[in-house]
Structure formats: structure tokens, C-alpha cells
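Next come two complexes, and both contain subunit A; in the first it sits with subunit B, in the second with subunit C.
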Partner chain A sequence: MALLELRGLSAEVDGKPALSGLSLSVDPGESRPVPSALSKVLMGHPSCRVTAGSIVLDGADITVLSTAERARRGLLPSFPRPPALPGVTVASFLRAALAARTRGLKDFRKLLREKLAVLKLDEGFGSRRLDAALSDAERTGFEALQRELLKPSLIIEDGVLRAL
Partner chain B sequence: MNAAARFSEAESRRNAPAWLAAARKTAIARFSELGFPTEADEDWRFTRVEPLAKTAFELPKPAATVEAKALVPFDAYRLVFVDGRHAPALSDLAGLAQGVRVASLAQVLKDEPALLEPRLKASAEPAFAALNTAFFDDGALVIVPRGVTLEKPVHLLFLSTAAGAPVMWHGRVLVSVEAGAKLTLVEEYAGAGSGTYFANMVCDLDLAENAVLEHAKLQHDSESAFHVASLRVRQGRDSRFAGHSVSLGAALCRNDIAVSLAGEGADCALDGLYHAGGRQQVDFHTAIDHVVPHCGSRELFKGVLDGSARAVFNGLISVQPGAQKTSASVYNKNLVLSENALVNTKPEFKISANDVQCKHGATVGQLSGDALFYLRSRGIGAVEARNLLVYAFAREMVEKLPVEALREAVSARLARSLGAGD
Partner chain C sequence: MIATSEAVVTTFDAALREHPALVDAALKTVGREPFGFFLRVSRGVQLERPVSPPERPRGSPPPAEERTLIVAEEGAGLQYVEGCISSAAPLSTATVVLAMPGARVRCTTLRNLPSGAVSIKRAVAEQGARVEWLDGSFGAPTPAVVLEGEGSVLSAAFHGRVGELTRGERRSTVSLDEPGAEALYYLMTRGLDRAAAAALLVNGFFEPFTRELPLEYAVEFNRFVELELKGA
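Here is the complex of A and B:
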């Protein structure tokens, strides 16, 4: 079964038509170029409105689900220039993301230490504040850390879908 | 019964020394002349005190019992007050070093009133402070003698139990940190009942030369409470004062904080955090007076406003003629979570010297939609995403608090009030 299936998807971004009757399917392990407007539409960004068709992930229609619920079901969009999160640390960001998926999350610190070691990232990276832009190396490390912990099934990059 | 009549009644039951009776009489005359402030008063333009002024408050009946387990425990020399009255059974001063005084003011008034005379000089006080001078019956006296470092904090806990008719109580705190002495002081206000009460505090902190005082005030009074407090700090040469104010509770909370940098080389760091929702009003008026040269002050207050809450921040820095080489900053940052919440902020300088470094700023902002979407795209729900950003905004102030138990208590209370999503 396809991981993701779009069935005649039409959508507006900021009130302007952006997608028109798009149908495609992505199988696990497959990468596929897509219109760049699709990233926002897939995540249910507040500026987007689906006018026709549907988005099916793992056989379930997610067209009207909240952004957070789509993410919990396996979508992980990457942000080339993520917005600043004043005062939020890498650890508090990841803890909140995991807590949203795991009831009674335990031993988060230990889990984070393990993943940092696996990815050969600095032990202190968890305390890095997301106030300002990360360096390219930090951003790459942070994204790898998110993939390790959140275990997405579909990574959404600008113009490319990568099914894991 | 009006304030003057209630005062006569209170005085008839008291057996105060002549100097105190005279000071109280001056104070009630002053209050009668001033009355409760109105919006015509420049210092009260944005804060409505009518609900307070219109409520008929009684003085509290003998204290209700409070169970010790209700208290936040941390290792401290502790004085507990219930409805403004010292509760010896809940207090713990075991192991206090010889020469250090931590005592109920009512007890000192009874046993050694002469000790208080120089500390309770009558002056032309504003209305609420005058009301306090006229009515206070208890509070705390803390004296840390020359050169002594108190290894544990002193915790002054004021619990209000009001359940029925509105009550008011007036407390006075007098603190002297003598030359070279060091003290951490935690002042906490909490409501145990659901009734309306009015807590009117005056707290005087005196730092002699080279004294070090870290002061943290945590106000989490019940939601129908009125909390009015005046904190007056006098700093001698080379003294260090760090003041933290956390205001979470009360229907109306007004804090006047005045710091006088009266000795060269004195340093003051003033921090504050307020969170208000519903129809809460929180008002901080701070005034740091650079009287002499070579003093530094840094001030940062952060606020989170939700619902139809109102916040006022007025941060005045005065630099007196001749107070050269002053370094001062005052910042106020607000996060407004609701369309109906309102902030009036005004950091200001009055500078009468020319060789000074002064900076100020104020911001009133909202959560960034992009930041919220980024968090939600990681699976974090809308409410949790909002709370994460709000807590991250406030955390800087929580981390500055002096006692671990206090940081935990404030974090937990903040999380709880954020969770309510009011």
C-alpha cells in the first residue's frame, strides 16, 4: 500500500489557487519531486485551504486533521530557516514533541543523551537555545536528532517528499 | 464604619508607647486627608481601586487554624502569619545564630518597643502606607548583625484564610542587614480560603555598607484578594541588593518598589515576573533613586497577560545632581496572549547628572504565528505549543530566583495557571 496518496487535491494558499486536481502516490522508500506549495498544504498551514480532493496517509484520510495530529501520524516537514523560539531549548522542544506522542514520557534526559551519542553530537547540545538561527551544522544535527526521536514516515522538504 | 472610626476603636484596645500612638495618629490623619487614590492621581491612572475602596472590610477575627502540611517546605528560618497574625506553631526558628533577630513584630512591640522607634519614623507616606502605619499590629523584624552570613534563608509566609465577610490586615516588615552581613529573604503571600481579603504590606529593607541582601517576593494570593504592598529599600556604600518580585495571584495587586542608592558603589538588580488572566489587575511602580555617584542598577520585569487582564509597569530611574558615573538600565517586556488584555508600560529616566550611562526599553508583543506553527508541525498541540513559548519567555525570570524550592514552586504554579488557559 502507498504511504501517501493524494486524490485530486486542489488547494488555495493565501486565497490564491496553488494546487489543482493533484493526484499521486508515494511508496515507502521512495523520493518524489512535488510542487513546493504542497509542503504547507500537507501540514495544514493556516494560510492553506483544501478546496477539493483528499490526502490519505497509511490508508487514513488526514485532510481535515490538525497540524499536530498530522505530525504525530508521521509527517515531518523540514524548515530551511526555522523561526526563532525565544527561550526554548533543543531539549524542551524535543521533550514537548515526544510528550505529545508518548503518554507518561519517562527518562527523556537519558534517551536524549543516547541519541546525542549515536549522532556524535555534543552532550551540551540539549541546552542550546533556539532564540537565534542555528549554524548549518547545528541545524543538520538538530534535524537528524528530530528524525531519530520522532521517527517520521514521511519527510517533507521544499519540493521533495521522502518516504522512509 | 469608616477608617477613622475603625482606627479609634483599634487604638482603644492597644497599649502602644506614646511615640507609636503619635505616629499612628499622624498616619490616620494623613490617610483621611488623602483617601483612596483615584484615576486623577498620576501614579494610579491605569489601576482601578474602586472595588477595593467600596468593600467594607473587617479586621480579622482571631486566626483560623491552618495545617502545617499546607506550606511549601524548604530549609529556612520561618515565620508564618495567618491573617496577618504571627502563628508560632507554624513557625520555625530553630538553630538561629546568637545575635540574629527574626521575630514577630507584635512580640517586639510588647517586649522591646524602643528597638522599633528609630525604624518606624513618621513621614508623609502615600495613602496605603499611611493606612498600614495606622493599623499594623504584627509583621516581622529581621536583624542580621555586622559581618554575619545567614546560611539559610529567612522565609516570611503570610497566609490568608478569609472565607466569609471581607477582611483586611496590615503587616509591617522591618529588615536590617548590618555592615558586611548577608541575608536571603523570601516573602510569600498565599490565600487558603475563597473569600475576599485585603492584604496591605509595608516592607522596609535597610542595607548597611557592604551588606548583601537577596530578596524574593512570591505573591500567589487567592483570586478575589486585593494585595497592596510598598517595598522600600535603602542601600549603603558598596552594598548589593537583588530583588525579585513574582506576582501570580490576586484580583488586584499593586506593588510600589522604591530603592535609594544612598552610598557610593552600591548595586541594585531588580527583577520581576507577573502573570495575570481573567479580570486580574497587576501594577508595578518602581523607583530607583541614584543619590550618590558610582552606583549601578539593572531592572528587568516580564509580564504575561491573558483574558481581560490589565498590567501597569512604571519604572522610574532618577539620577540626582552629582550622581556621576551612574550606570542604570530598566526594561519591561510583555507577552499579550489575548485581544482583551492590556498593558500600560512606561520606563522613564529623570537625569540631573551628565556623566551617566542609562538605557531603557519596553516591548509588548504577541506569540509568533510562525513559531506556533513550527511547534505544531512537530506534533505539539496548540495549547501545549502556546504554553511552551510562554514558559520559555518567563523562564529567564524563574531561573534568577534564589532558592531551588522557590524556582520549583513558581514553575509549577506558572504551569498550572497556563494550563488553565484562561
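Here is the complex of A and C:
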């Protein structure tokens, strides 16, 4: 079964037509170039409106689900320039993202330490504050850390879908 | 009651009986209020742990008023933590701090103020003394800390739909209805629903305040922000 299937998907972004009758399917392990507007449409960004067709993930129609629910079902869009989050650290960000998926999250500190070691990231990276722009290396590390912890099935990069 | 030669923690009535000269001297400086709780730290003594007023029995309603006088004698050092935010504060509270020359006082006040509450916070820092006051409140708008002499005040307040952080003259605010659309969306793409995303952002906004609090109070503060947002 395809991981992701778009069936005749048409959508507007900011009230202007952005996708028209797009159909495609992506299997696990596959990467595929797609129109860049698709990232927002797949995540249900507030500026987007699906006017026809459907988005099916793992056999379930997610076309009208909330952004958060789509994320919890395995979508993970990357942000080339993520917005600043004053007062929020790498650790508090990841803890909140995991808590949204797991009831009674335990031993988060231990889990984070393990993943930092796996990715050969600095132990103090968890305390890195997200209020200033991250360096390219830090951003790459942060994204890798998110993938390790959140275990997405589909990564949405600018213009490319990568099914894991 | 804790009473040693170094520090006195008692009710104001007892202090008036047992240390009349000390109380008189303090009142001359800070003005007269009918005080309920009294803390004095002797000259040069540094208290290692923060002091708090005696706890009310669980579930008991708040008293109508609460009065506190804190005196740090010459060169003394102390931290004082009062209030809680999970239950309503007394309708009328007054905390008055007198830091004698060279003393160091750090005062933390957390209040969940009922509407119409009157809350007086006053500090006098005499020559070479310094008073730092962390003032956090939920509910009704909070009156400012009045500080005479050297020191600093950092206030975090949360009322209406707005959070405020004030350091000295500088004030920044966050609206709970729209803490930043782009940041909210970013967090929602990580699986946080709207309330959880807003709570993370609002707690981030208050972080310069909460990082100064003892851990248990910081946790309570953050949890209260989350509750407030869920109720929205």
C-alpha cells in the first residue's frame, strides 16, 4: 500500500489556485519532487483551502484533519528558516512535541541524552535556546534530532517528499 | 515558630511583645501597617535557604488580609518566598521589606488575585543595601512594587488575555489570543495542538521570570499558564 496518495487534489493558497487535480502516490522508501505549495497544503496551513480531491495517508483520509493531528500521524515538514521561539529551548520544544504523542511521557531527559549521543551532538544542545537563529549546523542537528525522536513516516522538504 | 539569635520568624503580635525596640525602629522607617507575619534576620547573618510564611491548612479559605514585615539588619542576607497561584490570595495583602545598610534581600511574591484585590509591596533599601523583587501575579491587574533605594524589580503578570513582563521601566506583552501565528503553526506541525503550542510560547515569554524562581514555583507557574489557556 502507498504511504501517501493524493487523489485529484486541487487547492488554493491565499485565495489563489495553487494545485489543480494533482494525483500521485508515494511508497515507503521513495523520494519524489512535488510542487512547493504542496508542503503547506499537506499540513493544512491556515492560508490553504482544498477545493477538490483528497489526501490519504496510510489508507486514512486526512484531508480535513488539524495540522497537529497530521503531524502526529507521521508528517514532518522541514522549515528552512524556522520562526524564533523566545524562551523555548531545544529540550522544551522536543518534550512538548513528544508529550503531544505519548501519554505519561517518562524519562525524557534520558531519552534525549541517548539520542544526542547517537547523533554525536553536544550534550548541552538540549539547553540551546530557539530565540535566535540557529547556525546551519545547529539547524541540521535539530532536524535530525526531531526525526530521531518523532519518528515521522513522511518528511516534507522544500519541493521533495521523502517517505521513510 | 523559628527563633534563634540569628533570625526571628514569628507573628507580628509576638514580635511586638518580644522585640519592641526592633519593631518600633522598623515601623518608623516603613510606616505603620497592622502586620501579621514578621521576619527579622540579624546583623551579618546569611540565611542559606529561602524562608516562607507558615502554610495555611490545606483547603482552608484565605484570610481576609495578610500582612508581612521583613527586616534584614546591617549586612544580612535572605530570600523570602510568599504566596501561591493555585489558590486565591487574600483580598488585601501587604508585604513590606526593610533592608538596613549593606543588607541583601530577594523577595518572591506569587499571587492569584481576586478581582478588587489590594496588594501592597514596598521595600526600603538603605545605604549600600539591595532588594530584588520577583513579583508574579494572575487574575486582577497587579499594583507595582514600590522600591526606595538600590535594587531591581522583575514582574510577570497575567490578566485579561494578556501576559506582561516588566523589568525596570521596560514592559513587554504577549496576547494569549494570538501569540504569533507563524510560531503557532510551526509548533502545530510538530504535533502540538493549539492550546499546547500557545502554552509553550507563553511560558517561553515568561521564561526570564520563571528561570529566577525556585523550581517548584516555576513548575507551578507554567502549569497555571497551561490551565488558563485551556480554559480559553
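Just a few scattered comments:
Basically, the second predicted complex is superposed on the first by the 164 of 164 C-alpha atoms of A that agree within 3 Å, B and C clash if a C-alpha of one lies under 4 Å from a C-alpha of the other, contacts with A are read in each partner's own complex, and residues count from 1 in each chain.
Convention: a contact is a pair of C-beta atoms (placed from the backbone, for glycine too) under 8 Å apart; a residue touches a chain by one contact, two chains touch by 3 or more.
Everything quoted here is computed from the prediction, not taken from an experiment.
After superposition onto subunit A, the partners subunit B and subunit C occupy overlapping space and clash. When the two complexes are overlaid on their common chain A, residue A:M43 makes contact with subunit B and with subunit C alike.
When the two structures are aligned on the shared chain, A:T67 is found in touch with subunit B and with subunit C.
With both structures placed on the common chain, the touch criterion links A:G104 to neither subunit B nor subunit C.
Once the two complexes are overlaid on the shared chain, A:P80 sits clear of subunit B and of subunit C alike. In the superposition on chain A, A:G59 makes contact with neither subunit B nor subunit C.
Contacts of A:P33 after superposition on the shared chain: neither subunit B nor subunit C is touched.
The superposed model puts subunit C in the path of subunit B at one of 5-13, 23-31, 41-49 or 149-157, which is 149-157. Taken together, the two complexes place residues 43, 45-46, 66-68, 71-72, 75-77, 79, 82-88, 92-93, 96-97, 99-101, 146, 150 of subunit A in contact with subunit B and also with subunit C.
If you check the complex, the residues on subunit B that touch subunit A are 368-371, 373-382, 384-385, 388-389, 391-393, 395-396.
Across the interface of their complex, subunit C is touched by residues 43, 45-46, 66-68, 71-72, 75-77, 79, 82-88, 92-93, 96-97, 99-101, 131, 146, 150 of subunit A.
On subunit C, the positions that touch subunit A within their shared complex are 180-183, 185-194, 196-197, 200-201, 203-208. In the complex of the two chains, the subunit A residues touching subunit B come out as 43, 45-46, 66-69, 71-72, 75-77, 79, 82-88, 92-93, 96-97, 99-101, 146, 150.
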